[in-house]
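Each chain carries a letter (A, B, C and D) given by its place in the written order, and its residues are counted from 1.
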Amino acid sequence: MKELALIFLPLLGAAVAAAWPSEKTRPWLLPIVGALHTALTFWMFVNPPPLVDGGWLGFDPLARAVLPAVSLLFLLCAAYAIPYLHVRSARSNRVFVAALLGVLGLLSAGHQARHLGLLWIATEAVTLAAVPLLHFNGTPRAFEATWKYLLVGGTGIALSLLGSFCLGYASLHGGGGGDLTFAALTLQGGGLSRPWVLTAWVLLLAGYGTKMGLAPMHTWKPDAYGEAPGIVGALLAGGVTTVAFTAILRIRAVIAAAGDGPIADRTLLAIGLFSMLVAALFLLGTRDFKRMLAYSSVEHMGILSVGAALGSAGAFAAIFHVWSNSLTKGALFLSGGNIRRAAGARTMDEVSGMAVITPHSAAIFVTGMLAVTACPPFGPFFSELGVIRAAFETHHGGAAAMFLGCLLFAFFGLTRLVFAIVDGRPRAASRETGRRFPESMSVILPPLILLGMSLWLGVATPVTLREAWAAAVTQLYPAP
Amino acid sequence: MGLNLLALASSRLPSLIGAVSVQGIALGVMPLLIEHELRWLVLLVAVATVGLKGFVIPTLLRRAMRTANIDREVEPSIGFVPSLLLGAGGTIAAVALARALPLLPEHTGSLLVPGALASVLTGFVLLIGRSKAISQVCGYLILENGIYLFGLLLIHSTPLLVEAGILLDLTVGVFVIGIIVDRIQRAFDSLDTRKLTVLRE
Amino acid sequence: MIAALEIILRLAGWLVLAPLLPGIINKVKAWVAGRRGPPVLQLYFDLARLWRKSVVLSTLASPGFVAGPAIAWVAIAGAALLLPLGPAGAVVGFRGDVLLLIYLLALARFGTAWAALETGSAFEGMGSAREVSYAVLAEAALITAVLSLSVHSGSITLETMLTPAAGPGAVLLAGGLFTVLLAENCRVPFDDPNTHLELTMIHEAMILDHSGPPLAVILHGAAVKLLLFAVLLTEAVLPVGAMPPLAGTGALLAGVLAVTVGVGVVESLLARLAFRRVPLLLTTAFLLCLFALLVAWKGGPA
Amino acid sequence: MTAGPLLLIAAAGLAAGIVMGRAQPRLWLALTLVATTAGLLAAGTILLGAPAWEWRSGFDFAGEEFHLRLDGVSSFFLALLSLIGGLGAAYSHEYWTDERYPKSAGRGRMWWSALVLSMGMVLLSSNGLHFLIAWELFAVSSYFLITLDRQRRDVRAAGWLFFAASHFGTLCLFAFFAAIAAHHGTWELGPMRDDPATAWLFWLALAGFGLKAGLFPLHIWLPSAHANAPSHVSAILSGVSIKMGLYGLVRFSGWLPVPAAAGWVVLGLGAAGALLGIAFALGQNDYKRLLAYSSVENMGIIAIGLGAALVAAPPEDAGWARLALAGALLHAWNHGLFKSLLFFSAGSVLHATGTREMSRLGGLWRTMPWTAALFLLGAVAVCALPPLNGFVSEWLIYVGLFDAVTSHGSAAWAAMPAIIVLGMTGALALATFAKAGAIIFLGAPRTRRVAHAHESGPWMRGPMLVLAAGCVAVALAPLAFWPAVARAVGAWRPAWEASEPPAAFASLGPVQLTLALAGVTVAMALWERGRHRGVRRALTWDCGYALPSARMQYTSGSFGGLATGWFGWILQPERTLRRPRGLFPREALALQRVPETVLERVMTPVGGVILQVSAAARRLQHGRLQFYIFYVVVGLAALAALVLFGSMR
């Protein structure tokens, strides 16, 4: 019941938002619904409801381990959305608010989906619900980005649907009764038809990998993140990609149960490292700091994928990384949004000296950049270190070396760009726009809190959280 | 499957849309042929499919085409002959691939799997090889048709609720695509996706 | 008490005898050239006169201008004290004193170079640049020579290092050390002590602006250094320390004399090398010492 | 008091300094001085014989229990850190004031406390995770200290290079500690020499720590960072920070098994670094860069000592290795003392003249006698000339190496070249510092601004005097410092615990003292003699030229030209020459610059290739949707191939 509440509360909010008459007060629905959602999530986190056997939806250990991060991220983005939409009051926010709430509801559904088909439906719906968010700016560039997002994402979605069918057929071929819940599929395990399972894995990985933004299916990401408002970027990078990742984790568990875990892990490792490599190469040269965040996101998706490939310790680190990446990336997107607005431009050729114009956002941006490049004591440091340790534990020394090499190049690219924007003498144009968009508490606090939570996650990871992650890992990586 | 090749060979948008529409109708009728007993849900799905895929979406596309006032040439970036060959090769490959995968006895004879795979491949060829936004949408539709065709394999076992959900999603997806196509047309005054290359690197 | 007395006596010996050597060299040169030449004791007269003169200081010079030569002189005298004197052995000695010897010579170089640079003159700058630069190669040769001695004797105390009979590498070592001696003491073919063109000088360029007592100290220090190298060379080649006292002393004196005469002969026969050829010669010296080291390594206790 | 409370005071003082340093310079200074004194005392108690201090928190930080340990090795470095940390803070009180640098002075104080605190944590942490945290915070605070003066582009570039290089090292350490943790199942660190399977990890440590220590080919970041940082920061970077890399190498070569080749490699890198570092130093025209390269040289010398100890340690455990290690450790202290002194004096010159170009200076001894004298003292020490402290530690290393040679073991093949290199290094150092001291302080001022330079005030001079006193103390009473060194050596290898000082070491002190006294006496006597006979001041001999000008003095480039020419193959000096033309030539120009060869000739081209690859890759994101979908298909095909390949095996 509460599971459904998590989904329908935001959807209801979306409906209300669509009907709400006042442009001025509508944005307040976001933090209100967000706060309720967060409260409910954390209440459920503390008192997880019992799982119904064979249920299609459920607040299972994996949902419990990941959903609170998404909910928190949404809450802070929602808080940020009020001043943001106030600034952008020239445009109607009806669709924006409704779609944002819709995304939250569908994300909750996707995280809780314990059924292959339902999972697909939720993910697809999230993809579509995000479309109005992407072109909120209404510029030709935004439409171009949306178009690419739709078609590349749609292709990925189509592939994952095909993969889902294949997995279903594998179950059918193996004598299954057509029950496509993950529990049933896992139970069927070795009974699944192997060729179909492998085909399904390839298609599902490519499909959900597109959604996650793993290279080479990541091409929509820089466009979408670059053109969308900061909050949307934060939610896409921290929430939507997370759903796709949990989907891959769930499917991997089925494949592993069917006896093809090593193959699945190898592909995950390969695609993860490849994503990191591609991201690192792009980061080395990119001059646009919003697209930089997108490539950084590709890199972190790679990290998640590598972590998932490295057994239970790696998966633990990966789930840890979901949290630390969501929160830290959120801080980066929001502070980056502040900088973007104040600067009036977003490439290092046009922007410099933002430490003078927006000192607080610049400080958060730099700190967030350091955090996201695994600088202790922020969350990503611990989770990435966990991945490396897992690599050594599973004797993947070469993978660890490549992992670290990509981190290094990504660091070069990120620091180069971020310092170029923050340091130096501010441009005249930026001084002008900077006056129009002064930093207020309401736009600084949300990213600051996100950053603070990333720090808190690093230095004092709550024991309950660790236990929740461990439980999720036990669910997905049963000890042999 | 012939329709796929027709779609590949179409040099004009209306005929491409037509091919898609016919394929949609055929697809919609399929469950009725496969199912032995007519359940009302199956019927509903079939009707919805035929309606949407066969009529609504093609109509939408035609209207978009008309309002966009674009010339009706398809302007391939992969030529017609190569794409035909690719499509034919894809079909052969699909047949071969389908043979490599084990099928349940009741499906062994049917052309469902190779047909589905061939459609998927055709969809990809269209998506990759055509530059007009509308022809890409057609490609996407053919891709989804292929997947839908494949889904028919599971029609016995998967609950129709899921099928319905999937169908709904697809439909909404296509609607959204249509809306964006419209917006792009207004923003760029063109539906040539080759102009959509501002965002790079 | 006795030890202190001995130190003072030895020191006195070193300081008093050293100025003889340049005199001998000049005499040899004169003989070879068929002249009568200055008296052997000429340097004593020069020193005495300089000591009585007044000082002309550059307007730019700091107290270091005077302190430099003084410290260099102390360093050289100290280094000389470390050397064992044939059968009499060393009066100040400890394990690793050979390093102190080398670094005291370096300190002396630093002192002279610093004092030279005090004036800001380009000539002195040139001279000290050459001095410290060529020293790099000379130092390599010298330390290799020391290394071969220590390999040969199995010790790093000067007294024991210099005692045993020279091994088969003695000739190589002698050649190398002799070249180092010429370089370190700024003799032909590295430098011409009698040159009158500032641009071609090394040591002489460094002391262009010195006068009076400081100049005396510099000249005296240079003489002690020459004697030091002569003694070192002799003892490195001849097992004077192992000989009976009289014979040892005699051999030591004869060796020093031979080295001095050798310097004179070389100076008479060779011209100063072009500066760019200097590294070549020094490298040759280094290689000689290196071969000596290899020979010593082969022949040493296994 | 025992170490525990003292360390608590130190940590609290530094933490309070981070919080309050921004606004209250005086309070910050007091806090920092108290904290560093406490740190020094804590280190002192251990070094003077108290048992190693160990503490477990009982509560978790970042998922791990705090485990701090102060033993011989860490307290040895802690002493150095505390000393320089305190003195640098005092120095900055006058050097980097709020009046002069209103934007960055407060930040500078905050980061200084953070730097000292994080380095202290590096030394104390006995848990891999905490070590890494402290290590990275140390790097970050160094970065922000280097770039205090962020307005300047070259400072930012130097800072970025430091940060990037440092991150490379940090990532190596990520791998290092993660691999240890993976192998032993815990982040806890401690002696674990028994497992030869972890020996290969030493190479990771060498890359990570060696980079921080500025070992030769990994030193590329060091010159520009140390030259562009504010001078008090340069002092702590050169005096202490790079020693953290050394600490890491010493610590983990002591705790972990090392591969057989480790010692040889360290020794080889050290020898290369010593010789080439000083050759580069000689070629510099910027006196802070010169000092920075001299740090590369000295770290090379230390590495020679450490390498010798490693060569000996596993198979033969020879006595000479102790000497080499003791020499290396003592040299680390000595280098900390004299290099900080030199950087402080350099800062004093920079403060007074505003330029780092030696060719614009000259004649400063008249206006800045204290600075000149202290620089001279540091220069003599850094050249390892008796009677100062540099000689003491190099003597130990030399004796160790010579003993290795005379013991006729295989180690001799490493020791012999090392000795020759050390000898040449010494001679080159002499040339370098004779040049630096002379061009900066002697002769005539080359520009007008320099002629009106001013001596630094008491807050800058005080720390310099303390350091000079430290140099003299180590030089004249080396025996007093032996127990500390022996304690560190014993902590490195317990079997070497109770090593008595070599007998000759005892005689070094009196000899140096005598020498110093004799030198001073004779110098004064000579001065008196001159005065007695009469002193006349006159122009420098100018060969009869009528119009001498200060610009005609020998320059640093000409001084070093001869020797740098021999190292031209690696130094690759760049010359810009415009010869005088015509009968009445107007202008002529000769510029010489010695680039950072490894960086500019190796790393930059390699980086260029990587950037080209990156540019090529980025062209794939060309904005054409059709291709994006094609990429999806390609990805799909690749995954299929991977799975197919996997399923067939």
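Keep in mind that, in the parts below, contacts are C-beta pairs under 8 Å (C-beta built on N, C-alpha and C of every residue); 3 or more make two chains touch, one makes a residue touch a chain.
Please read these numbers as outputs of a predicted model, since none were measured by experiment.
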| item | value |
| --- | --- |
| Pair of chains joined by more contacts [C-beta pairs], A-B or C-D | C-D |
| Centre-most chain [mean C-alpha coordinates] | D |
| Length of the line joining the C-alpha centres of subunit C and subunit D, rounded to whole Å | 35 |
| Where subunit B and subunit C are represented by their mean Cα positions, the distance between them in whole Å | 97 |
| Geometric centre distance via CA averages, subunit B-subunit A, whole Å | 30 |
| Interchain centroid distance [CA atoms averaged], subunit B/subunit D, Å | 68 |
| Where subunit C touches two or more other chains, by residue | none |
| Multi-partner residues of subunit D (each touching 2 or more other chains) | 618, 621, 625, 629 |
| Shared-contact residues (touching 2 or more other chains) in subunit B | 127, 136, 193, 196, 198-199, 201 |
| Graph class of chain-chain contacts, one of line, ring, star, complete, other | other |
| Touch relationships between chains, expressed as pairs | A-B, A-D, B-D, C-D |
| Subunit A residues touching subunit D - in the complex, by the definition given at the top | 147-148, 151-152, 155-156, 159, 194, 198, 201-203, 205-206, 209-210, 214-217, 219-220, 222, 260, 262-263, 266-267, 270-271, 278, 281-282, 284-286, 370, 373-377, 381-382, 384-385, 388-393, 397, 400-401, 404, 407-409, 411-412, 415-416, 419, 423-425, 458-461, 466 |
| Residues on subunit D engaged by subunit C in the complex (per definition of touch) | 362-363, 365-366, 372, 376, 380, 383-386, 391, 395, 398-399, 402-403, 405-406, 408, 412, 416, 419-420, 422-424, 426-428, 430-431, 434-435, 437-439, 441-444, 502-504, 507-508, 511, 515, 518-519, 522-523, 525-527, 529-530, 533-543, 550, 552-554, 558-563, 566 |
| Residues of subunit C that touch subunit D when the two form their complex | 51-60, 62-64, 66-67, 69-71, 73-75, 78, 92, 94-97, 99-100, 102-104, 106-107, 109-110, 113-114, 117-126, 128-130, 132-133, 135-140, 142-144, 147, 150-151, 154-156, 198, 208-209, 212-214, 217, 279, 293, 297, 300-302 |
| Residue ranges of subunit D in contact with subunit A within the complex | 60-63, 129, 132-133, 136-137, 140, 150-151, 153, 156, 160, 163-164, 167-168, 171-172, 174-175, 177-179, 181-183, 610-611, 613-615, 617-618, 621, 625, 628-629, 631-632, 634-636, 639-640, 642-644, 646-647 |
| Subunit B residues touching subunit A - in the complex, by the definition given at the top | 100-104, 120, 123, 127, 133, 136, 140, 143-144, 146-147, 150-151, 153-154, 156-159, 162, 165-166, 169, 172-173, 176-177, 180-181, 183-184, 187-188, 193, 196, 198-199, 201 |
